Amino acid sequence: MLNVENLSVHYGDAQALDGVSLAVDEGAIVAIVGANGAGKTSLIRTIAGMHRPTSGRIVFRGTDIAGLPSHRVCDLGIGQVAEGRQIFPSLTVSENLDMGAMLPHARPHRAQNRDRVLAMFPRLSERIGQAAGTLSGGEQQMLAIGRCLMGEPKLIMFDEPSLGLAPTIVHDVLKTICDLNAGGMTCVLVEQNVAVSLKIATRAYVLENGRVTLSGSGADLLADERVRQAYLGI
Amino acid sequence: MTALLSINGISKRFRGLAAVSRVSFDVSQGEIFAVIGPNGAGKTTLFNMIAGAIPPDEGTITFAGTRTDGLRSDQIARLGVGRTFQLVRPFPALTVEDNVIIGALMQTKTVRDAETIARDTLARLDLFDKRTQIASSLTLPDRKRLEVARALATGPKLLLLDEVMAGLRPTETDRIVATLRDLNRDGLTILLIEHVMRAVTALASRILVLHHGAAIAEGNPEQVLRDPAVVESYLGAESL
Amino acid sequence: RAQAQTLKIAVLLPQSGYLAQAGQSCHRGALVAPQVLSDLGYKVELVHIDMESNPDVARTQTERAINEGAHCIVGAFDSAGTLAIAQVCEQRQVPLIVNIGAAPQLTEQGYKFLVRNFPTGGMLVKNGLHQIQALIDATKIAPKSAVFLHANDNFGLAQRKGMDALFPKSGLPFKLLESIPYDPKAQDLSVEVTKIRGLNPDLLLVVTRAADAIKLVRDTVRQKFQPMGIISPGAPGLYDEEFYKALGPLADYHIDALPWANPKSKVTQALEAAYTKAQPKFRFAVECFNVGFTFDALMIAGDAFKRAGTTNGPELMKALKDTNLADHVMIGGPIKFDEKGQNNDIPSASVQNRNQTPTVVLPAEVATMTPVLPMPPWQGRK
Amino acid sequence: MIDIWHRLPMRGKMLCLAALAAAIAAPLVADRYLLSVLILVFYFAYLGQAWNLLMGFAGQLSLGHALYLGLGAYTATALWTLFGIGPWIGVFIAIPVAAAAGMIVGWLGWRFAIEGVYFALLTIAFAEFTRIGFDHLQITGASAGLFLSVNSPGSDKWWNLGGGPLLYYYLALILAVAATLLVAWLRRSPLGYRWLAVREDPEAARAAGIDIFRAKMIAMLISASMTAVGGVFYGFYYRNLFPSQVFDIGRSIEIIMAPIIGGLGTVFGPLVGAILLTPLGESLTALMQHFGVNTPGAKSIFYGLTLMVIITLQPSGVWPWLARKLGLDRPRT
Amino acid sequence: MTAITLNIVVQGILTGLVYGLMALGLSVIFGVMRVVNFAHGEFTVVAMYAAFLLFDMLGVSPLVSLLPIAVAFFFLGYVLQRSLVEPFISRAEHEQFILLVGLATVVVNGLLLIFGPDAHPINLPYSFDSYTVGSLFIDKVRVFAALGAFAICIALFLFFRYTRTGTAIRACADNLTGAGVVGLNVKQLYAVTFGLGFACIGAAGTLMATIADASPGLAPAYTLLAFVIVIIGGLGSMAGALVGGVLIGISEALAGFYIQPSMKSMFSFALLIIVLVLRPQGLMGRRL
């Protein structure tokens, strides 16, 4: 579904990604793990069109989307639940959801999608008129996911969705992701919580200093000695 | 051993969220002390309070016999507390050497001496060859080392390191670990935040574990890493 | 070296920048001057330079003009610019003839290469107060009080100082209730007018800048304040084309006491004819103040050159000091300069707006109409 | 000082010396007009250095430097006209006056954490406030202006700054060169390093033990003082002062053009900017005159367009680009 | 309060509302894009000339030409943003500053070149009328202009509050990264915002033309005035612009009346300094 080929990304003179290649199959959960600053977020932002790659191709369902602006990429069906949630704090929950549905392809089905999202996260419908900045961390994460779903994506990239959440809520969020995947959604998951993400992933890549150093099924990596030592502290 | 740094019941809240609550501990002269805990546990906030970047809501901080809570961060730095930032903050448009010279100018009045100190420090951190590069063009591991170099160049008595190993490869980690050990042997006291257990176990003589802002364990590495509460909340993340 | 046959004059005027309106008006006078002067037997050649309302530019451009052979400078409407030019002229011993510029200091600082055929602020006020007395005598009005409103810039303040010094001695039969300065950079004058309305004077004496006069009258009308008359001791604004365009019939009957073109002078007539032909879009009657003074300055230069027979600066300057020019545009006796370079005989006329045309109403010998005061009420002017 | 010199590449040393020699010898060949343009070039280079110190090094945007220029000019000229105190003494009174104003602006701004655009507008507000104040200050002639006596040829008196263009030329040259040396020296001094740190990242600068408030205040102090000296020059060169001219926001903008176009935060940027901009304006005027174009405003349109083009093409200024072209920038690995 | 004081205050409020409208465009653009439009006053004057031309050549009253001019200015702003300003959005303030100062110079001198230096008045039948309320005189044109200002402000408020594009623009201002994440076309929205800011400028200039006479010399003063107002009211806050305008209007009126007219702007700047020091985000602004 998504093929990243030999992708390099620079910020000014600094290189963030160095020839990264990976493949995401339809219906899969692909985990990307790596230390702070390894380039995970850069990868996601580049796929999403928020940063121009220096070289490489990003092929999504047959079209090369490298260098397209983010609104075009979103409209093609790549959704994103970004690092730090990135909700609109002074807008209401309802307005936040609306903003997710500004994409041309999603606009006509705004009402249905909204009902679907609110059914999925009843907590949000209770707070529909509240400014999003006043929500708790977990609720904000739900809002970010809900907002993403409003855009009818075919692929969702999650960037550290559990960051800063209490363990019980982390559980909820990860369960939501599993549920979405069970419903047919293709997911890319970046998580600090390496153990968990490898456990639910069908395929995983380890990113180090902007390079893919290991890849394989989630279970394989979980068993890999290097991974265990470097990321699980065992 | 005397306590170089002594934290007494400090707390910090952000709009209702208790980022750090009633944390107390002492760091003795010459030891390496580690703070660990899950993301968002309040480790960086704790550092920020020690370094004076944010004032604590309550509690006291004493460094080398001086009350430092309420002082500005530059005053605390001049008392001998060097720090790094978790999200690295080198001076982006300056060269590596200039970055470190700025740190070194805290110890000395002349640029010439500062240059000497800067070069020594850079050599110690394997950055000497890159000294004429612009800081923003460095790779992340180099920028992290640069952070350490700048903090070291200030000639601190206490060095606060916030996840300086994160993102480094095991070999690089080992190098930094060795450097830090060296420095420690020369008398530097180190307080570090780290997720990389390999480094923590290699370095720390004592560990404090934070969880949801509160200290849940403190002691030597063997004890702490076996503490069931710690395993559950932090290490044993495999429990889903 | 062969002696030059024509005098090369650099005319520096603020054609752009904040003084552009007046500068361009003067510039139009300079444009028609060579032809008229040549008909009168003066041989001059002009270089037109825009000083951008900026003394820095005035200064370097003067240097350049002199380098490129200007024998004499005429300018520059504004005192700050004129002073910048005067520095250079003094150094290079090239005469500067001030066409317009009222700051008393221009002729008080000891410049040896500067002459001014324009009244100082004090002279303007003195003459203006005389004219007001004459107006009172001619129209038999009996004002009891007046308010003086002036722009707080170098020109307005010079007039204010004149007013403070001269009004008490003038013997005018009314009281000066208050002198109110306003910031020429401020955006409206409604507060000023309300304040004046509160004082309720019979006469309103004003020193305005071009655009401010319109605001002043507009707000006076809107606030239904009806003085006997609005009289200016020689400031721009009340007789500009834009003033008439903006106010229509309401522009009429205001009086400006200022030096004016002498309609009976041959030179004026020649200039008017040439001007009307060259500038069909502008009315000489409206522009004759700026045009006339600029022209006279050029004629003074031409005359001195004729007498001196040389373009040499000091000699030209000597000839300038000896000027005695009877035929010229602006009213008054022969143009002569005192040892400081000031022409002290520049009388003012009373010019009243009639049918949206500035019309000389006093002194009687040059008047084409008789003054009307008190002015008819605002209402029913349309 | 010597240290800086050694750091320059050979070619740079040659260029510096050649330029300096040319500047010193210029009056031998330049006519008075050229000299008057060069006076403006060095005057703007000097003021540009003063402003560059605050903005380029310490990172604080001031759009109100006319305040210090005006205070310097007014103080020295008023002392001379009112009390006969000459400019060489007056300048030492002008400096503290302007510096005090700078301290007030800086203190209010930085103590209350006003940054960026807001600080810039604060500086404008102070300059305008002072302008109107001086419009009402009777002792300096209020809005009617303050005047110095005339400069006749042969009356060159260096001790009261009256004289022909040569005096002003060399004075402006000395000011510009001295300012450049001062800036170059400060850049390599502990203070200079601190300023750069403050500009780059105030929080990290603090962590390196820098009292950022103090560093900024010192930058303001030096910058305002230097600008005041420029003001004294201005007052005695033009020999008349009007609040609406000298405190005008247009002056403040004029001051900052050269360093930004030349290269902010570089030692030579303000110099290069002034060498480009002043002659640019002059040659536009000359060109238009040459072709007989007399359309007031056309020159300014070209000037404005040029500014837009330069800043679009070379956002960090002309000097860094030029230095690269000339091979003068320090080698980087 | 005496009748005259009351009159002064009422005049101050009306004038202030129009000033507020004039400042609104500046505030909208800054609030969303963090770009300070240093060519603000220049474009206000362009709008005044546009109103003058429509009136002079076609006899269209400014109250009617308001809409077409605002629309035309919307497109002008849109195009300016896409062509000139876009590359400068993320650049340093001083670079934006030079760009816009350059633009301002071009515009002002262009006006001078085309229209000459004279003021161009619009004489409406009611230009010189005023309402008499008790002992108060209230200028008709100021009332119209103030009402217009108020209406435009409300329209803008409703747009930002209740339309999807308006919400999307607020979203961009709120969290730019977030806007990119959900696939909002940020560049387009920025251009629309710039257009809206310019539409405000167009409307304000048109209304201004009924009160003041168009001339190139007004521009720098308008820019400065708009700065003072939005800083006092809060850069980026719409209500703040009106509040700031009214405050300035009243304070200038009272200072002018009780102290000295020529010193009245001094009080505006003093007010500005005080507000900056005590509440840097402005009276109605959000925290910086």
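A, B, C, D and E label the chains in the order they appear, each numbered from 1.
In the analysis below, a contact is a pair of C-beta atoms (placed from the backbone, for glycine too) under 8 Å apart; a residue touches a chain by one contact, two chains touch by 3 or more.
Since we're looking at a predicted model, the values are computed, not measured.
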{"item": "Those chains which touch chain C and also touch chain B", "value": "D"}
{"item": "A-E against C-E, pair bridged by the larger set of C-beta contacts", "value": "C-E"}
{"item": "Centroid spacing, where centroids are CA-atom means, of chain A and chain B in whole angstrom", "value": "31"}
{"item": "Inter-chain centre distance, chain C versus chain D - centres from mean C-alpha coordinates, in Å", "value": "37"}
{"item": "Chain B and chain E: spacing of chain centres that average the CA atoms, whole Å", "value": "50"}
{"item": "Distance between chain centroids, defined by C-alpha means - chain B, chain D (Å)", "value": "43"}
{"item": "Contacts with two or more other chains, residues of chain E listed in rising order", "value": "109, 112, 260, 262-263, 265"}
{"item": "Shared-contact residues (touching 2 or more other chains) in chain D", "value": "132, 135-136, 296-297, 300"}
{"item": "In chain A, residues with contacts to at least two other chains", "value": "none"}
{"item": "In contact (per the touch rule at the top): chain pairs", "value": "A-B, A-E, B-D, C-D, C-E, D-E"}
{"item": "In the complex with chain D, residue positions of chain E that touch it", "value": "30, 36, 84, 87, 91-95, 97-99, 101-106, 108-110, 112-113, 220, 224, 227-228, 231, 235, 260, 262-263, 265-266, 269-270, 272-273, 276-278, 280, 288"}
{"item": "Of chain C, residues touching chain D in the complex", "value": "15-16, 20, 23-24, 47-50, 52, 55-57, 59-61, 63-64, 66-67, 79-80, 83-84, 86-88, 90-93, 103, 105, 108-112, 152-154, 156-158, 161, 183, 185"}
{"item": "Chain A partner contacts - residues on chain E that touch it in the complex", "value": "164, 167-168, 170-171, 174-175, 177-187, 286"}
{"item": "Complex interface listing, chain A residues touching chain B", "value": "11-15, 35-38, 163-167, 171, 174, 192-196, 199, 208-209, 229-230, 232-234"}
{"item": "Chain E-touching residues of chain A, taken from the complex the two chains share", "value": "48, 50, 69-71, 73-75, 80, 82, 84, 86-91, 95-96, 98-100, 102-103, 147-148, 151"}
